[in-house]
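Order as written gives the chain letters A, B, C and D; numbering starts at 1 within each chain.
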Amino acid sequence: MLGQLLMSGLAAGSLYALTAVAVVVVFRNTRTINLAQGDFAMMGAFLALIFIKSLGLSYLFALGLSVVCIMALGVLTERLVMRPIADSGWLTLFTATLGVYYILHGVSGWLWGRDTKAFPVTFDPTPIHFLGTVVSEGHLINMAWVTAIGALLYSFFRYTKQGIAMRAVTDDPETAQLMGIPVRFIVMLTWAMAGFLGAFAGILAAPIIYVAPEMMDEVLIKGYVAAVFGGLYSIPGAILGAILIGVAENLAGGYLGAHFKTAIAFVMIVILLAFRPQGLIGIQKRREV
Amino acid sequence: MAESITTTAAPAPSGSRAAVATLKNTFQMQNWVLAGLFFAACFVFPLLPFVEGWMVFQGAFIIIYIMAAQGVSILTGYTGLVTVGHGAFLAIGAYTAALLMKYTGLSVIPGMIAGGLVSAVFGLALGLVFLRLAGAFMAIGTLGFAFFIGAIVNNVPIFEGRTGISLPPNTVFGFEIDDFGFYYVALVTLALTTLFVHSLIRSGVGRAFKALRDSDKAAESSGVNRLLYRTLAFSISAFITGVAGALNGLIVNYISAEVYGDIWYSVDLLVAAVVGGSAMLFGPFLGGFFVAMVPFYLEELADFAFILKGVALIAVLVLAPAGVAEVVARPVRAWRQRKLLEAGESPELADAPGPPTGGGS
Amino acid sequence: MTHLRCEGITVRFGGVMACDNVSIEVPEGKIVGLIGPNGAGKTTLFNVLSRFQEYESGHITYRDQNVDRKKPHEMIRLGMARTFQNLNLFGEQSTLDNILIGAHRHLGNPLANMFSLPGARRNEAALVDKALAVADMLHLNHQLDKPVKSLSYGWRKRVELARALAADPEMILLDEPVAGCNDEAAAELEEIVRHVNRNLGVTMLLVEHDMSMVMKVCDYIYVINFGANLADGTPAEVQENADVIAAYLGEPTQ
Amino acid sequence: MTLLRLRDVEVNYGAVRALRGISLSVEPGTVVALLGANGAGKSTIQKAISGLLKPTVGDIEFDGHRLNSLSPREIIRLGIATVPEGRKIFKDLSVSENLRMGAYSRSDRAGIAQDQEMVLDLFPVLKERTKQLGGSLSGGEQQMLTIARGLMARPRMLLLDEPSLGLAPLIIADIFRILKKINADKGMTLLIIEQNVHVALQNADYAYVLQLGRVTVEGTAKELQENREVIASYMGTQAHAAAG
């Protein structure tokens, strides 16, 4: 039972991780919590669904195309909404992402309706036995995807010029500017990355849940909670947080009853923020006067 | 030992005191006049011949929204703590009143007060728990709180989840009231909360809130107790929204987790505060009206309502970052300045040469 | 009598020793200067004394009372106000409101205050009187209505001082009161500082880079370098101290 | 031909006029020091030259190009690399990543690799720590890293803002020895903004003294070493007499 719960937790956690990392990436370079992150995911899922159903594209091709579109959506969000108000206080930036949330919710509902749609299942739905647990092939595939994306991100941030520059901008935007790093371009890149991660989150979640405007609302909230585990700053922290939440809610659901499954993430966040506001692995910021 | 700097110094020149008095009074006058007009109009509204029953109901609904947004403005506008969780206080107020009415037969007014008080207790607790949080962390924390309350009302049996709790008709002082009567109860309550908010933000306590918002270091070095004032702001804010929540539940004689278990109220209330102007007395009036009316008029086009709301929100943020009320107040402020000058009250108040300033990096 | 004393204050930021066993003593009613090159740890020590900054070891006593565990807002109740080097004002608010917040310690019962009960109104009027008196002393009368962010730098420096004075403090920690002011404005502020000290009996601890001001107004000076006490004495003694001159000019390299 | 020239430059910093008509020039291949106490406007000059602040009046010219309206990115491409004050390395980046960011404006892979070897030879302490995070270095090592990072842009002029700030005398001496070596071996022009008069005058060819946003004294380093006004500007007017 325990092993089974852990496995389900990992599967759920890996989906939260994509969202959490996107939240962290945007926050680090813009000070904004992106409330529209879930909508990037939802739009990604919708687009992929349309590409597959209406245009008859193959799954992988639809996925790739949808990812590119949502990256463009991220860039568009930055250029049209965030850049004009970039110098405002963070409440303004934050509420602006809420505006994007409303718009994307509205657009998707208007174009595709509010009823939930099924996403074509590309894997064998019969559960398989794996390491002594029962798990669906879909979950395993998702975990593989997420691991691959994680490795891709790691190499991007570690080895590429733009990836390192993105971290440099996080670290100290003014000095980054002095090095000739185009900070605005980097911020745009950040939003593209949020789109990239969002599209994947949506498309990977879609076969497991469903496709509808509000499909990602709950995943998004758990993504925030996970992001806070890393102090909204650390990517490994966010990933760890996501897995912790996935596991904790499955354990709570399994041992305490289904009622507790949803509440546990919020209990965790309240406790975490009360005792370690800088996050579990967040950097301890010195109080400057 | 320093006796008192301010008593040993020369007495304040009467000119500047008169100027200050005039300033404060004109400001206050404007607020009184505006508030007077608003409440008079609202009072007459249901009595107008063309007004139908549903309009009165909708009017009461708007009033409740305004009140709830006032609660948010105390915390987000005046104290600078962004809350995305005030739907939780709305829920706490609503469920407190509803449960009391169902199990003890308590009527509207005591239910409202109880709803406010229980909500304030939760506010106090949350203020203490989140004492060290600011900015985005506070936003996520309050959001988490709202979800937590949502999970509770959905799952703990006494709240009856999505089935909901149906309530008997409302009574005030033993008389049964309909939507019409309820409208006036809400209106009077809003008048009281407005009066209170007005008094609060002009008092030393309001000054301390704003000080914490603008620079908590400077505030603390001036003797503002962060713990005390932050928890106070949380409690007051939760109280007002809790009262609104009680009214919100009672007006339809039914509450369910379908409505209160959702995060939507929280987000809408923040939008109401920001769009109207969260640090303006009349900001919540405009914002509350906006948020309450958009879905109403566009119910048929639910998704357009969403798009419209998003576009309007972004437009306000770009064009009037301090809220619509601030834009409306601008000409009024200019007018006041002109009047002061015309009255020859103190031309120097308008502009005076400063001491020459030097360089420095 | 000693007004404020700290002994053996040590503060470490990661591997950097911001304060290394610093001790100073401020006698009642005097103006004591705290000087040292950039990055010597002056502001850190200020933050320690006003209790914004925790420290590893050492003790602080205010009028023989140990204040190691006090919070910043409690220091003002004991009578110690401070100003900030880089101005920490409430920019959106009027000058008057900025000064009024300085008088916060005289606010009285917050509950009575927020309902504007009659007693609180009288008290509020008294606070406004205080604020006006302070404004008058600093010639801020004509700026009262304006949002502070619209004022020039020189005026804002004064608002900062006015806020500290509005508390009726017995001691003020002044962090670079004349930085960025030209000679005329600096001279005027210097006069005000002297007036507040000599005529109103307020003890002062002054961090300032304008040496001419430090030398003129201070009764006693502490010099710190690399976070540690380097020298102390009267202005004349300090000016002649070879270590001090070397610290300011950079030690000759071997 | 003069490499860098400032003509009557004024800069407003918010409401403060931080620079009130600065004129100075830097000849190629020389070491020029810009001295001043706190609040004299030194960092403002650095920001104006490197493009973070725009002059409201006056001109900044580098090698015949007017810098006034250029971005930091364009200025670094013209050949001015800035070593900002306060050891502003990227703390969460490793030493070699910091160096790589210094070369952000370049795209010649081979040249970058070559220059990385070169700067690591100049600062052997860094060579042992290329994988270490910038934030874990000691103060002196961090300062060396900022200089090394500046060199990675392969600039024609290095603009250093208070390289001695908060460092112990021996480390300061070490850093200036290396700076002199860079100047001598590569003919690199150095504009050093300093508070530490002694070390600056010992190593510079020419110097300007800044007071309240104005240049009050200038001359060759030798002349200034003898000049009591320099000391006076640091120690208050009475020190003038005292030192005399």
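Assume a contact is a pair of C-beta atoms (placed from the backbone, for glycine too) under 8 Å apart; a residue touches a chain by one contact, two chains touch by 3 or more.
Predicted model only: the values in this text are computed from it and were never measured.
Peer 1: Count the C-beta contact pairs for C-D and for A-B, then tell me which is higher.
Peer 2: Between A-B and C-D, contacts are more numerous in A-B.
Peer 1: Among all other chains, pick the one whose mean CA position is farthest from the mean CA position of subunit C.
Peer 2: If we average the C-alpha coordinates per chain, A ends up farthest from subunit C.
Peer 1: Suppose each chain is reduced to the average of its Cα coordinates; what separation in Å results between subunit A and subunit B?
Peer 2: One centre to the other, that is 33 Å.
Peer 1: Starting from the mean Cα coordinates of subunit A and subunit C, work out the distance between those two points in Å.
Peer 2: That gives a centre separation of 47 Å.
Peer 1: Suppose each chain is reduced to the average of its Cα coordinates; what separation in Å results between subunit A and subunit D?
Peer 2: Chain centroid spacing, subunit A to subunit D, equals 43 Å.
Peer 1: Taking each residue of subunit C in turn, which ones touch at least two of the other chains?
Peer 2: Those would be 52, 84, 151-153, 179-180, 182.
Peer 1: Identify all positions of subunit D at which a residue touches two or more other chains, and write them in rising order.
Peer 2: 15-16, 39, 212
Peer 1: Can you tell me which residues of subunit A touch two or more of the remaining chains?
Peer 2: 289
Peer 1: Under the definition above, what is the set of subunit B residues touching subunit C in their complex?
Peer 2: 1-13, 15-17, 19-20, 23, 196, 199-200, 202-208, 210-211, 214-215, 217-226, 228-229, 232, 236, 346, 348-349, 352, 354-360
Peer 1: Can you list the subunit A residues touching subunit B in their complex?
Peer 2: 27, 31-33, 81, 84-85, 88-92, 94-96, 98-107, 109-110, 114, 217, 221, 224-225, 227-228, 232, 259-260, 262-263, 265-267, 269-270, 273-274, 277, 289
Peer 1: Which residues of subunit C touch subunit D once you look at their complex with the stated criterion?
Peer 2: 14-16, 37-39, 151-153, 156, 176, 179-180, 182, 209-215, 226, 235-236, 239-240, 245-246, 248-254
Peer 1: Tell me, which parts of subunit D touch subunit C in their complex?
Peer 2: These residues of subunit D touch subunit C: 14-16, 37-39, 135, 138-139, 162, 164-166, 168-170, 172-173, 176, 194-200, 202, 212, 231, 234-239, 242-243.
Peer 1: Flag every residue of subunit C that touches subunit B in the complex, lowest number first.
Peer 2: 50, 52, 71-73, 75-77, 79, 81-82, 84, 88-93, 96-97, 100-105, 107-108, 110, 113-116, 120, 124, 127-130, 132-137, 139, 141-145, 151-155, 158, 163, 165-170, 179-186, 188, 196, 199-202
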